[in-house]
Structures are given as C-alpha cells and as structure tokens.
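Every chain is named by a letter (A, B, C and D) in the order it is written, and numbering of its residues begins at 1.
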Amino acid sequence: MIASLASRHSWFEATARARLAGLLDPGSFSEILPPAESTPSPHLARLDLPGAFDDGVVVCHGQLEKRPIFAIAQEGQFMGGAVGEIHGAKIVGLLRRAVQEKAAAVLFLIDSGGVRLHEANAGLIAISEIMRAVLDARAAGVPVIALVGGSCGAFGGMGIVAKLCSAIIISEEGRLALSGPEVIETVAGVEEFDSKDRALVWRVTGGKHRYLMGDCAMLVEDDIAAFRSGATELLTGWTEPAPSVANLRASQQALEYRLADYAAYRDGLQVWAALGVAEPDTVPLLDRDSMVALKEGLPT
Amino acid sequence: METLEFRFNSKPAPRAADPALCGVVGSGNLEILVKPGMQPDACQLSIKTSARGFAETWQAVLGSFAASHAAGGTVIAINDMGATPAVVTLRLAQALAEYQGGAR
Amino acid sequence: MNAPLHREWDSLRQSRSRRLERAASLGFGQEIPVDRVIDLLEAVIQPGDRVCLEGNNQKQADFLSESLADCSPERINHLSMVQSVLALPSHVDLFERGLANRLDFSFSGPQGARLAKLVQEQRIEIGAIHTYLELFGRYFLDLTPNVALIAAQAADAEGNLYLGPNTEDTPAIVEATAFKGGIVIAQVNERLDKLPRVDVPADWVDFTVKAPRPNYIEPLFTRDPAQITEVQVLMAMMAIKGIYAEYGVTRLNHGIGFDTAAIELLLPTYAADLGLKGKICTHWALNPHPTLIPAIESGFVESVHCFGSEVGMDAYISARSDVFFTGADGSMRSNRAFSQTAGLYACDMFIGSTLQMDLAGNSSTATLGRITGFGGAPNMGSDPHGRRHASPAWLKAGREAYGQNAIRGRKLVVQMVETFREHMAPVFVEELDAWKLQKSMGAELPPIMIYGDDVSHIVTEEGIANLLLCRTPEEREQAIRGVAGFTPVGMARDKAMVENLRDRGIVRRPEDLGIDPRLATRDLLAARSVKDLVRWSGGLYAPPSRFRNW
Amino acid sequence: MSLNDILDKLFPAGHAVAVANQVITGEATTAQGAVAVLGTTDAAAIDHAMALALSAYILDTIERHPGRPLVFLVDTSGQALSRSQELLCLNGSLAHLAQCVDLARRQGHASLSLVTANAVSGGFLSFGLMADRAYALADAQVRVMDLRAMARVTKIAHERLVELAAGSPIFAPGAESYVRMGAIEAIWPVPSASLLEEALAAAGQAAPASDQRQSCAVERGGRQLAEGIAKAVQNAARGA
C-alpha cells in the first residue's frame, strides 16, 4: 500500500488524548486534573445526560522536542467539544498556570463548536475568561499556538479564541469560523448557505481558504506528526510580541483593506482569484505542499 | 439517564500504578475508567447511561466480561452514550489491557 | 385436428403502426421538442398499456416519469407499470393521480412508505415483488412492455443512443420492447453529432427528447471510510480470515454497506499480511465502490463487472480498463442483467448485511409500514442449483454441506451483521417483521430477502456460525443463537450445546480464529477518509461534494 | 428607551456622539472627566464593518487620549449571519476588536460596558464582556440563545428547560443570571449618571484589572465550580 498512507495518523479522526500522545515527546504527557480526580458536569446530569470525567478537555504538561510546554486538547467527540463550566475553568486555570510558570508555550488543540448550550451562560462567560486568559498569557510573553484540524473545527466563541492566539496551525480538514453553516442556513435560508454542500462549506470556512487569506500561519497535512513538526517549526525562534498599538494598527489596516476589496464575494473561488490564484478551481484538489508553494508565489 | 451498579467475582488482575481511561462519551460510544479497588477477587462497576431500560443487557455484558477476563481488584466507572454491547465488550477489553499495561 | 385459428397474427405490429401514425399526424418526428412530450405520450400510450419506466440505482428517466404523471388521466389510465425501482415521487404520483393501477417491480427504497399506504387503500394492485433477474426475465415472457420510457446520455440525429457508464437496465428493457411491437422513447442529456459509441441502434428507438436537466443520479455506492467502526473492522478481519482465506474465495459480490466496505479496505493491509493477495477477491460482480480503489491499486483485483456506475468514478474506471469493462471510446460499459447473472451463477460468494434475521436464518430488510422489495440481493444471495462448473470454494462448501461424496458444490452466502443495530434494535429476532407485513399487505408470501436455507455463514462481532456444517434444525438454531450476542435470542441459547458446536468448529470466536479484538482498530483500514481514496486513485476519483471535507 | 434618552441620562453634563451603521462613537463629559463612548444600537448584528469601526475608535482613543476611560453601550443581537461575512473570517474581526479593548486596558484605560437592550453571544463576547466591568439596564435581554431555540438544538423539552431555568443561572437567559454568574456587576433600574460615575470610579481603582469573574460567581451563588477548578489546575502537582 501507499507508505505515506500507512504511517499517517489522522488528526481529524483521533481523540484529544490520541492527538496529545502523538504531538508531545513520547512519555512526556503529564495530565493535570486527570479523569480519576475529576467529576463529570453536574449541569449535564441535571438535564439527564451522561457527562465525561474530563468534561471534554485534557489539560497537561509535556515536552515538545524537549521544550517544556503546556497543552490543552478539546475532545470534539464529546458534546461537539463545546465549552461548559468545568471545561472552561480547566482551560482558564491552565493558561494562568502557564503564566505563573513562564512556560515556553501553550499548545491549544481546539476542536469545538463554541458554547455548550446545556450550560449556556457558564459557557459564554468561560469563553470570555479564556479570551482574557489567552491575551494575558501572550502579554506575559507565553506564546499560545492554536492547532485546528478536528471534526468540530473552531466555531462560535472558540473561533474568536483561535484568532486571539499567537498563531494558528490548520489542516485542510480544519474549519475556522464564527457561525456554523447549519445556523446560517436555518436563519437565512439554504440559498444563503447550503450546509450540505460540503465543498462550499470548506471553500468558505476550511483550512486552505483560511491559509490563503492569511488567517492561519501554517497549513499542515491531516497527520498528527505534521502538526507536531509544524508546532516545533513555528516555536523555534518564536518571540511573542508585546501588545502594542502599532501591531493592532497594522492588523486594522489589513482588515479594512480586505473588507474593502472582498466584501461582495460569497465563495472562496472569488477571493482566491482576486488574490491572484491563476486557477482557483484547482485549489480544493491541491495537496498541502502545492498549496504552500501556491501561497508563497502569490503577489503580496 | 440511568445509573446502574454491579459487582461480579473475577480473577484478580495485576494491580496497576495508574488508572486507565478508554473511549469517549460520543454517540454510540462510551468511556471506561479503570481504577484499583479494595477487593482483589471482585470487579465493581458503576454505569451512567443515556439509554434507559437496559439493566439486564448491561448485567449480561458485564458479567460475561468479568467471567472471561481477570478483572478482580478493579473499580470500573462507565459513562455511556448508547453504545451497543459489541462496543462495550470491545472497550472493556481495551480498557483492562491499558490498565494492566501500567501494572507494576 | 383442430380447425385453424382465425385471427390476425400481427396485431401488435398494427397497433404499433397506429400509434406511430397518431404521432406523425401531430407532426412528431424522431426528435421531440421538450415542451411537447406530454402530447407525444398521450398519442402513443393507450389505456391499459403495460409501460416500463426505466430507473434503477443510478440513473432515472425522471423527466419522462414526471411528464407521464402530468398526462391526463382521462386519456391515459389503467396502466400496468413494470419497472425495476419505484424511487421517485413521480413514480408514485402515477398511481395517486389515477393513471396507473398495477405494479410489478423489484425495489422501492425511499418510496416504501407511500407505496405501503397505497396498497392499504387498495389504490394499487401489486402483481409481484421480484428480483431484478426475475423481472427482466418476465419482460421476455408475460410482462413485455407496450411502451418503454428510458434514459440515455446522448442521442445523435438518427436516434442512435449512447448510454454512458450507467448502462444499467437499458439493454434488457429496449430489447424486450423493440422486438415485440412496442414503442421506445428515450430522454437524453445531450444531442451530439457523433456519439462516443453506439449502445442502442437508432432502429430500436422511436423517439428521443432532450431533457431540461441531466437525469438524476444518486451516489448510492459510496461509503465514507471515516464512518467505519472498530466493530466493523473486527468483523471484517473475522470474515477475511475465517471465510475468504479458508475457502479461497476468488469470485464474489459484496452487498453495499459499511461492513463490506471494511472488508474492501482491509484487503491491502490485513489480507495482504496474511499472504492472501492473488488468492482471494480477484474477480468481482460489483458496482464500482470507491472503497475498492485501494484493493485495485494494490493489485488484488483482476476484474470487476458492474451493474451500473458510481458518481465520481468515471475517470478512474476509464484509466483502469484492464480491470473494468470499457468501450473502445474508453468509457465504462455496465449491464445489470449480465452482472446479476454473474452474481447468481459465476460467483462463489455473496456477502451482505440485513436488518433482521430469524432462527432459521431467514433475513429481511422489510419493516412495518414500508414495502421496500429486494433489488438484486436475492439473486446474488442464493445458491443456484443449476450450477455445473466447479471451483475450490464451491466444492469445499458443497462437501461441508452434503458430505465428501457430494455431487455438487455450494455457493457461500454470508450474512454479516452486528447483533444490535442503532438504538439497541436487535438484529436477531424470534419472528421477522416480514410476517406482519405480509398480513398487512395481503401478500401471498412474506418479503424475505435471503432464505435461511441459502445462508452458509453468519458473521457477528461475537463470532462466525457455519451453517453448512449443521446437521439438524436444532443445531442450526443454536449456531445462530451462538453468535447472536446479548440480544434476547442470543441470551436464550443452550450454552452447553453452543460450546459443543464450538468444539466442532461450527461456532468460532475471534480467539478461535487467532484474532485479538483489541487489535481491531481503524488503523488497519487502507483508507480512513474519502480523501485517502482520492489519494489512492492518484487523483482520478472525484467524490461528490457531500462526501468531501476539503 | 431611545439612545438619546439613555445618553442624556448617563451624561447630563454633555455628550457628542455619532451613530453610523448602528455603531456609536463619540465622547461625553462626566465628573471624572471626558470618556469615550462607543458601542452598538438597535440590536445590531455585528459584522466586519461594525467591529472594525469600533476597533478603529478604540485605537484612536489610545493614541490621542491616553488613559481616557471607555464606556461601551451594548445593544447587539449577536453576530451577522451570512456567508460573505464568514468568508472573510468574521471571528477574526471580532477577535481584533476584543484585542483592542484588551490593549486599552493594558495601556491604563479603565473600561465598563452597559447593556442597554440586548446582549447575545458573539456580539457580547467581542467587546461588552471584554470591559473591566459590565452592567445592564433592568429590562435588558442577556443570553446565548432563547429557551425555545435551545430546546430545538439540545432536543430537551422546552417545558423541562423552563422548569430547570427557574432554579439555575447556568443557562437561564436574563441579566440576573449573568449577575449571579459573575459576568455582570449590577443591574441598574434606569440609566443614571450617579451609578455611572460610581462605576467609573470603581473601574479606575481596579486597573489594571485581573479577571475576577470566577470568584464573584462563587460569592453570588452562580458558578460554584469554576473558580475551584481553575485554582486546582493552577496549583495541582504534576502527575507522574
């Protein structure tokens, strides 16, 4: 069989724990508040739903190429990775701990639809606390790298959190957006967004589009090892910039230009053409390396 | 949701250093947490399941597991989201193996 | 000696001439304008006609079906419909609007519930539910169509037709109609000056109409590897090691489903590791399942003949003409009648899944309130007593069933099921829903898909039951209970007897086969996503949008 | 209550505020001096243009008026729901806005937000909940989703949700729940200059504020678990 397929371990379909096992140096995974020491969400129990011991998120210490780091991994298969009270508090606690310990980095394995509706207020506030905590970590010089490539992508408030991180590593399978296509379809109609047209969903929210647009720093294969080497590469020589008006002014200008240029578009194909991609139709079928070459060859 | 408790006699399992977790609480799936217990010749199980009315099936599946594996001296906690007996049986075997993999 | 019968011997030809004259008097030539198709249908179809409406798993003559449903029931009524599948809403509209009142068919799928309701209201008379081969056979005996409404890819100016990769049922329908005084009307997706190849000659076709949109095609045979479970991987390992390898099954058909997709995806990995390449699964009667791509690319597969095509597979098939049947133009040629014949007579094994199975091994996909029919499974999933040619698998199965001096072999008919379906519905039951359905629809027979006496093996997550080796009905029942897991039927087993069957190799557990269930992980699958299938195909497979996550 | 009524009551000493595309920007005079006033009105569904207008005004304020407090008036029905908005990464623009509010805090600008009518999910996250302190008017609607929609999505009976909501601020919509949950400081019966000045004074003292919402939630009987868990994670010894 094709050797590269045989050795690949899909990030998309792995559990949060499997992702961490493959991402960190072997044997370095050290869970904080492991399942045996925690209890499932009492709020889900009140709604007659079984919870998970870890409430759908693993927080841990570990090493990446011998560099001591912290990591957060959301479990997309449990309640869509959505943030509830315990889930959110674990993330906030870990980000604060990373600041206390001046960690080399936090890897944030996002796989979430956003707020867990069953604990809606707790989830929304927790996401707000995560947003503040991510920015506090970065202000303290701790880079927070988002890794997006799970089945739930990074949506809702977690889409905002992802964009607050120092950088995003995404796979083609990864999705990054605010409202889910299903929500838009329900509210605005199938003509606005056909959520069953998966190719369209990916052209609007998928990893390749976000990479081409510059919303994600790095595009990697759907492979745990690729995320590992991507994170290693990104962190090597990384200096977390101090928050500054100059940086946000630059972002402001870039976002304003982008809005002025592309506001009328509704499909990635249109944006890619405007970005200077000669054959936008071919983008969905390009492999990762060709995508990187394509992006690097674009006019700036 | 339904909460079920069972206790079965089972051959003693090697005592492990750490608890082991297997599976995810997703649709048609379950998570199983195996911890060391006090009674070396018994396996104690507690289950929270989204599917009501299957106590007899659980008893049969878990009883068969305790009879065919050395699971004595463990306390097993399960959160279930509608897993079929086939999945439960498979996960139990995986969880016990993982637990014993950490045996001293 | 009787007096010579005085009758006309060419009434069918005369009737045909009158119909064609009516059409000509309305100004119709061979090419029918799209907005006048109803006028044509009302001119050439007569009340009481037997009409064949083409449509099967892949293509549907959907435009002609809708047009017929829009005809006036004053002019066209009491039609007797003969058709492979009742799949589209317009198929049922014909009966609800009073154009047709009798139906002979094979499969109803999504319209099963509406059909059951019409039967209960006595607004439809069902002649019979057939297998495909039975229905095709009857087209040439007592159910020959007066008019056939078919679907083709393209027509040229003379009326020659190109059918494209989805030839499917067209040759059988056209042959029966055109050579018995019938009228053949084709909807086509396009008109071409020069066809890539001629599949139906113009003088078998009376009229063509370019449909306003291409005929409807459903990707029915695509299974996303991402949805294959570990339990399905386990069962696939058991099937490969315990059945494929032991019998040396080379010629076969797979039912469509995730269980069989798992087997297809284990061929390049697990089966290859067992040294089975070249020894099993070389010749297939099968739709072009995308999940077969890795096995083809690994060199497992020598030949595949198809009932129809599959969305997105055309370029791949065309580039693998050593494996698939293709025309001189390079595009695929399928043919349901021939592939079903291969499945019935030339295959050593059929393996598929079902929704329910009873203690005699009878299985059915019928559920209450739905009349779904059988399609092709019963052709493939039956032991043809007329078979004469020998093969190692067929002989071994025959000797297991009938003893060492057996004068014939036996087809392997394998049912592969998890003991519970979703929502904890047990597959193994004391009585099939089919019996209740029979009563509610007043049918002469219960809708059983595969007869228990044709079944040779049952594979579940608990083990394999070899029914060939059972010598009494009681052994058979306990063998089935012995793999029925924790279903009520399984828990009611005679444990001692099942252990005895196990000693005799009639019931085999994974450990008896040397399989550790914990090693049954998705990592064994040669492809774990649709994208992996695209990679295996070298980019030739173009999956439809709904199967993509890129 | 109209926006002008609200502004007149909050800033009797004077305000100069413009509204364009449902975005409020301007300044007002208070006893503590000039403040920047910004936010959204008429249940704005926040889109790129709105988010960028707000962030631009925050950056202008940081550059031109160091230390000037920010008063956010929140009336948002959430985020704009459209394909073109998502195509350009709406979460990115909302994150940018949040970062600007955060930067202002770090540069010594006290901030507070007042929910004047609606505060829903994404729109609320991007600026209202980023302020040092949040307040709400008595009749304000604060929520992620109403219970009927929640019943549809979670497939839990609406009656059951209503019943449970009565005793649980965890998912019951309403400003009162957010007070108990630690995210809203207080509910104001009416827009009031004196309440605003008290709040501004408190916000000024707390700067640079650390996020105290978890501990407030415990005191107010809202979220009982979050603070303990976050602390446990912060302080737990590492596993093997």
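Definition applied: contacts are C-beta pairs under 8 Å (C-beta built on N, C-alpha and C of every residue); 3 or more make two chains touch, one makes a residue touch a chain.
In this text the structure is predicted, and so the values were computed from the model without any measurement.
Colleague: Based on mean C-alpha positions, which chain is nearest the centroid of every protein C-alpha shown?
Modeller: Looking at where each chain's C-alpha mean falls, the closest to the middle is A.
Colleague: Which chain's mean C-alpha position is the greatest distance from chain B's?
Modeller: Relative to chain B, the chain whose C-alpha centre sits farthest away is D.
Colleague: Could you grab the centroid distance between chain B and chain C? Build each centroid from C-alpha atoms only and quote it in angstrom.
Modeller: Taking the average C-alpha coordinate of chain B and of chain C, the gap between them is 42 Å.
Colleague: What's the distance between the Cα centroids of chain C and chain D, rounded to whole Å?
Modeller: 60
Colleague: So, what's the distance in Å between the C-alpha centres of chain D and chain B?
Modeller: For chain B versus chain D, the centre distance works out to 46 Å.
Colleague: If you average the CA atoms of chain A and of chain D, how far apart do the two points sit, in angstrom?
Modeller: One centre to the other, that is 24 Å.
Colleague: Two-or-more-chain contact residues of chain B, please, as numbers and ranges.
Modeller: none
Colleague: For chain D, what residues touch not just one other chain but two or more?
Modeller: Touching at least two other chains: 240.
Colleague: Inside the complex, what are the residues of chain A that reach chain D?
Modeller: Against chain D, chain A makes touches at 30-34, 42-43, 46-48, 59, 61, 85-86, 88-90, 92-94, 96-97, 100, 115, 117-129, 131-133, 135-136, 139, 154, 156-157, 159-164, 176-179, 181, 183-184, 187-188, 192-193, 204-205, 209-210, 213, 215, 243-245, 248-249, 251-252, 255-256, 258-259, 262-268, 271.
Colleague: Within their complex, state which residues of chain B touch chain A.
Modeller: 1, 19, 21, 24-26, 29, 31, 33, 35, 48-50, 77, 79-81
Colleague: Tell me, which parts of chain C touch chain A in their complex?
Modeller: Listed in rising order, the residues are 226, 268-269, 272, 294, 297-298, 522-523, 526-529, 531-532, 534-536, 539, 545-550.
Colleague: In the complex of these two chains, what residues of chain D are touching chain A?
Modeller: Interface residues on the chain D side: 48-49, 52, 55-56, 59, 62-63, 79, 81-96, 98-100, 102-103, 106-107, 121-122, 124-126, 129-130, 143-145, 150, 153-154, 156, 160, 164, 168-173, 177-178, 181-183, 210-211, 213-214, 217, 223, 225-236, 238-240.
Colleague: List the residues on chain A that touch chain C in their complex, please.
Modeller: Touch list, chain A to chain C: 1-2, 5-6, 9-10, 12-13, 172-173, 196-200, 202, 206-208, 222, 284-285.
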